[in-house]
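Two complexes, one shared chain (chain A), two partners (chain B, chain C).
For the complex of A and B:
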C-alpha cells in the first residue's frame, strides 16, 4: 500500500510540475474544461429564466444537484478518467506490456500516472456553484453534511466504476474513441431531480447503473429530500465499482498485446 | 463544363475513398444509434417535466420542442465536421505541403472528404436514429417543408465546414490550435441551439446571434424543419431565413478564402 501512496504522490508532483511549466496551456485547458462543464447549469438557468420549472424544485435546488454532479465529475476526471484514454492508447498500440512488466499493479499504476491536474478547475467551478446555490437555501445541519459527504464519496466510487468499465471496454472495442460518449450519455440522468423520470428509469439510475448517486442523491440529502431508495442504492454503488475493478483486471489477464 | 466535370470527378473519387476508409471504423459512427436516443430520452423527460401544465414556452409547444431536439440530433449527424482538426494536424506536422503539390485546392479536397464521411453518417447514424425517433418515440420526424429543409441542411453542412475550416486555418499562425478549437466548440454547443433553443436566451444575445455563424449551423435548419422561425422577437418566413442562411454561408466562404490566401504566406512546411 505504501508503494502506491508514494507512486501517487510522485504522479501528483509531476502533474503540478508539468502544469507550472506549460502555464498558458494549463490555464487555457482549465478554462475550456470549466466552460464545457457549466452547460447544464446554464440550461437550467435559462429554463427557470423563461418562467418554467421542475415541479417541486426551485432554481437553486436544481443548481445544487448540478453543482454536486460537476464536483463529482471534476474529482473523477482528476483521478480516474486518464486511465480510459491511457488504456485505449496502450491497447491500440500494443504497448501495455511496458506497464505490465513494472513491479506494480497495472490498474493502480495507470490510475496514479494519469492524474490530471487540469480538471481541478471543474472541482473549483462546481464548488463555486455549490456555494452560490447553498447561499440561497436553508443552512444544512451537521447530520445532513455527514450524509452528503457519505453519498458524495459513493458517487465518486460509481464514477470509478464507470471509468474502469470504459477502460475495460476498450480492450475489446479497440481504438474506438467514442466509448466514453456511450457511458456519458447515461450519466446525464444523474444531473436532474429523479422524479422527472419514469419509474423504470429511476430504478435503473438508482440500482443498476447508479448514476443518481453522482449528483442527485448527495444533493437531496443536503436538501432533506431523502428517501429509502438512497440508502438501498448504497450496495449497488459499491457493487458497481467492484464490477468495474473486476472487469478491468479480467481484461488485463485476457490482453494479448497485438495492438489494433 | 469540362472544369465542372473535372471537379465532380475529383469530389466523387475523394468522397468514395473517404467513405471506404471510414467504413472500416463504422462502429464509431454506430455508437450514435445508442447515444442519440439516450440523449433524446433525457431531453424528453426534462421538457415534459418543465412544460407541466403549460401550453407554450417562449412560443414553442411541447411537441414542437421535442421535434426540435429530434431534428437537431438528426441534422447534427448530417453536418458533423472536423475539418478544423484535420487542417491543424496537417499544418502542425508539415504534411500540408503535400497539398501544395496537388492540382486541387485543399479546401475542396477537405469538403469532398466531408461529403464521403457524412454519406456514411447518413447510412449508419441518420437513418437508424430517424426510425428510432419516429417509430419508437413517436415523434413526427417528417419536415413541414421537405424542399426548404433539405436546402437549409445543405447550407448548414457548408456553414459548419467553412467555419471549421477557418478555425483550422488559425494553425498557420498558432501551430497548435487545439485551444481555439475547444473554445469554439464549447461556444458552438451553446449558441448553435443544440443545448436549448435560442429563444430561451436573453433578447440582446438573440439579436447578437444573427451576426454570428452559430445559429446557421443548427438552430436555423431545425426551425426550418419544424416550419416556423423566430428569434429575438423577429419572425421570418421560411424562404427568408433560408436566404439569410445562404448569405451567411457565402460570406463565411469568402472569409475562408481570404484567410486561406493569407495563411499560405505564413506556411513554412516545417511543421511544429
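For the complex of A and C:
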C-alpha cells in the first residue's frame, strides 16, 4: 500500500511538472473543463429563473444535487477517467507490455499514472456551487454530514466501476471511443431528483447501474430526503466497483498485445 | 555455465480474424468474421547461461517478440515450460519482473513532456530503490552513457540517441539480472549505436545477462555470444556466430581487382574460374571479381597459387562470409 501512495505522490508531481511545461494549454484546458461541467447547473438556474421547476424541488435543492454530481465527476475525472483513454491507447498501440514488465499492479499503476490535475478545477467549481446551494438551505447536522460523506464515497466507487468497465471493454473492443459517451449519457440520470423519473428508470439507476449514488443520493442525505432504497443501493454500488475491478484484471490477464 | 533461462517445448497459438479485400468482403466480415488460428511459436526449446548475451534473430513476424513476451511474463504460453531464474514468469509476475529490465526500441518508457530524471524517480518508486542505491546507479549509468545534463531536459527535446540511452537507464536503474532488448539501436546513428553497444558490453562484464532481438547484424556480431534464429515460429538455429557461419560451409569471400579484363568462362550470368571450390559470385566493370571460396575444398594458400597462375591482379582482400548472406539463406530455408 505504501508503495502505491508513493507512486501516487510521484504521479501527482509528474502531472504538475507536465502542466507547468505547457502552462497556456493547462490553463485553457482547465477553464474549458470547468465551464463544460459548471454550465449544466447554471442552466438549472436559468430554468428556475424562467418560472419552470422540477415538481416538489426548489432551485437550491436541485443545485445541491447537481453540485454534488459535479464534485463527484471532478474527483472521478481527476482519479479514474485517465485509465480509460490510457488503456485504449496502450491496447491499440500494443504498448501495455511497458507496464506489465513493472513490478506493480497494472490497474493501480495506470490509475496513478493518469492522475489528471486539470480536473481539480471541476472539484473546486462543484464545491463553490455546493456552498452556494447549502447557504440557502437548512444547516445539516453532523449525522447528515456523515450520511452524505458515506454516500458520496459510494458514488465515487460507482464512478471507479464505470471507468474500469469502460477501460476493460477497450481490450476486446479496440479503439472504441463511443462507449464513454454512452456511459456519460447514463450518468446524467444522477444529476436530477429521482422522483421525476418513472419507477423503472429509478430502479435501473438505483440498483442496476447505480448512477443515482453519484449525485442524487448523497445530496438527498443532506436534504433529509433519504429512504430505504438508498441504503439498499449500497450493495449494487460495491458490486459495481467490484465487477469493474475484476473485469479489468481479467482483461489484463487475457491481454495478448500486438505484433512486434 | 549456470543456466538462467530454460525454455522447453514452448508454443503459442493466436486466434485472429481474416477477411478478403474489397467492399463485399468487408460487408461479409462485418456480420461474420472468419477465425484463423496462428502458430506464432512452435515447440521452441533453448537455454541461456548466466552472463550471456543471446541474440534472437528472425524475419518480421517470425515469433521473436512473442517469445520475448512469454519470457518477460507478459504473455501466457499455450504449451511448454519456461523457467527464468528458477521461476515461471507468468506465475507471480509482479515478483518476477523485479529482477528483469527491458528496452523496447519502438516503445518508450519515458514520459514525453517531462525530463527523464522525473521518469527515473518514478522507477525508483516502482522498484523500491533506496536513495543511496538510486544515486550510485544513476551516476554510474549517466557517466557510462555520457548523458550528464541531458537527463534534466524535457524528453521531447532530446535526440533519438539520447532518448534511447535514457531508456537504458530506465531499464537498469534497479540493477536487473536479465535485460531484454528489443531492437535497441533501431534508427540510431553509428556513434549512438556504438555507445550503446559498448554500454551493453560493460554491463555484461558486470554480470548482467542480455537477450537481444534485432535486425541489425552489427549488433549481433559485436555483442552476441550465441544466436537463436526463429523462423515461422520454429527455432532453426541455436549456436555461436562461428557455428552459424559454418552453417553454409567453411567459406571466405575474396575480392579481387585484376590488372586487365577478366578472362573467365562466362555462361549467361555465371562465371567459372576453373578452380575447384571457388565460384565467382559477382563481376564488376569486368575486372573486379567477388569469389566465394570453400576452404574445406581448397585452402586459401592453394587458391592464391592457382589464382596467380591464371591471372594478374593488383589488389586482393579476404573477408568472412557476410552475416547478411548467412542469415538470408537461413530465413529462406
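Some notes on this structure:
Everything below uses one rule, namely that the second predicted complex is superposed on the first by the 258 of 260 C-alpha atoms of A that agree within 3 Å, B and C clash if a C-alpha of one lies under 4 Å from a C-alpha of the other, contacts with A are read in each partner's own complex, and residues count from 1 in each chain.
The criterion applied here is as follows: contacts are C-beta pairs under 8 Å (C-beta built on N, C-alpha and C of every residue); 3 or more make two chains touch, one makes a residue touch a chain.
What you see is a predicted model; the values in this text were computed from it and never measured.
With the two structures aligned on chain A, chain B fits next to chain C without clashing.
Of the two partner chains placed around the shared chain by superposition, neither chain B nor chain C is touched by A:207. After overlaying the two complexes on the shared chain, residue contacts for A:52 are found with chain B alone; chain C is out of touch. Residue contacts after overlaying the shared chain place A:103 against chain C, while chain B stays out of touching range.
In the superposition on chain A, A:182 makes contact with chain B only, not with chain C.
When the two structures are aligned on the shared chain, A:242 is found in touch with neither chain B nor chain C. Look at A:150: by the touch rule set out above, it reaches neither chain B nor chain C. Of the two partner chains placed by the overlay, neither chain B nor chain C lies in contact with A:60.
Of the two partner chains, chain B is the only one that A:35 touches; chain C does not reach it. Measuring only between alpha carbons, the smallest separation of chain B from chain C in this overlay is 8 Å. Comparing the two interfaces of chain A, the one with chain B and the one with chain C have no residue in common. Note for the complex: chain C touches chain A at residues 14, 61, 64-66, 68-69, 72-75, 93-95, 97-98, 100-102, 104, 107-109, 111, 113-114, 118, 121-122, 125-128, 154, 182, 213. Taken in their complex, chain B has these residues touching chain A: 25, 27-28, 31, 34-35, 38-39, 41-42, 45-46, 48-52, 54, 57-58, 179, 182-183, 186, 189-190, 195-196, 200-202. Of all the residues in chain A, the ones that touch chain B in their complex are 25, 28-29, 31-32, 35-36, 39, 42-43, 46-47, 49-55, 173, 175-179, 181-182, 185-186, 188-189, 192, 195-198, 201.
Listing the residues of chain A that touch chain C in their complex gives 3, 6-7, 9-11, 13-14, 17-18, 21-22, 93-98, 100-105, 109, 113, 255-257, 259-260.
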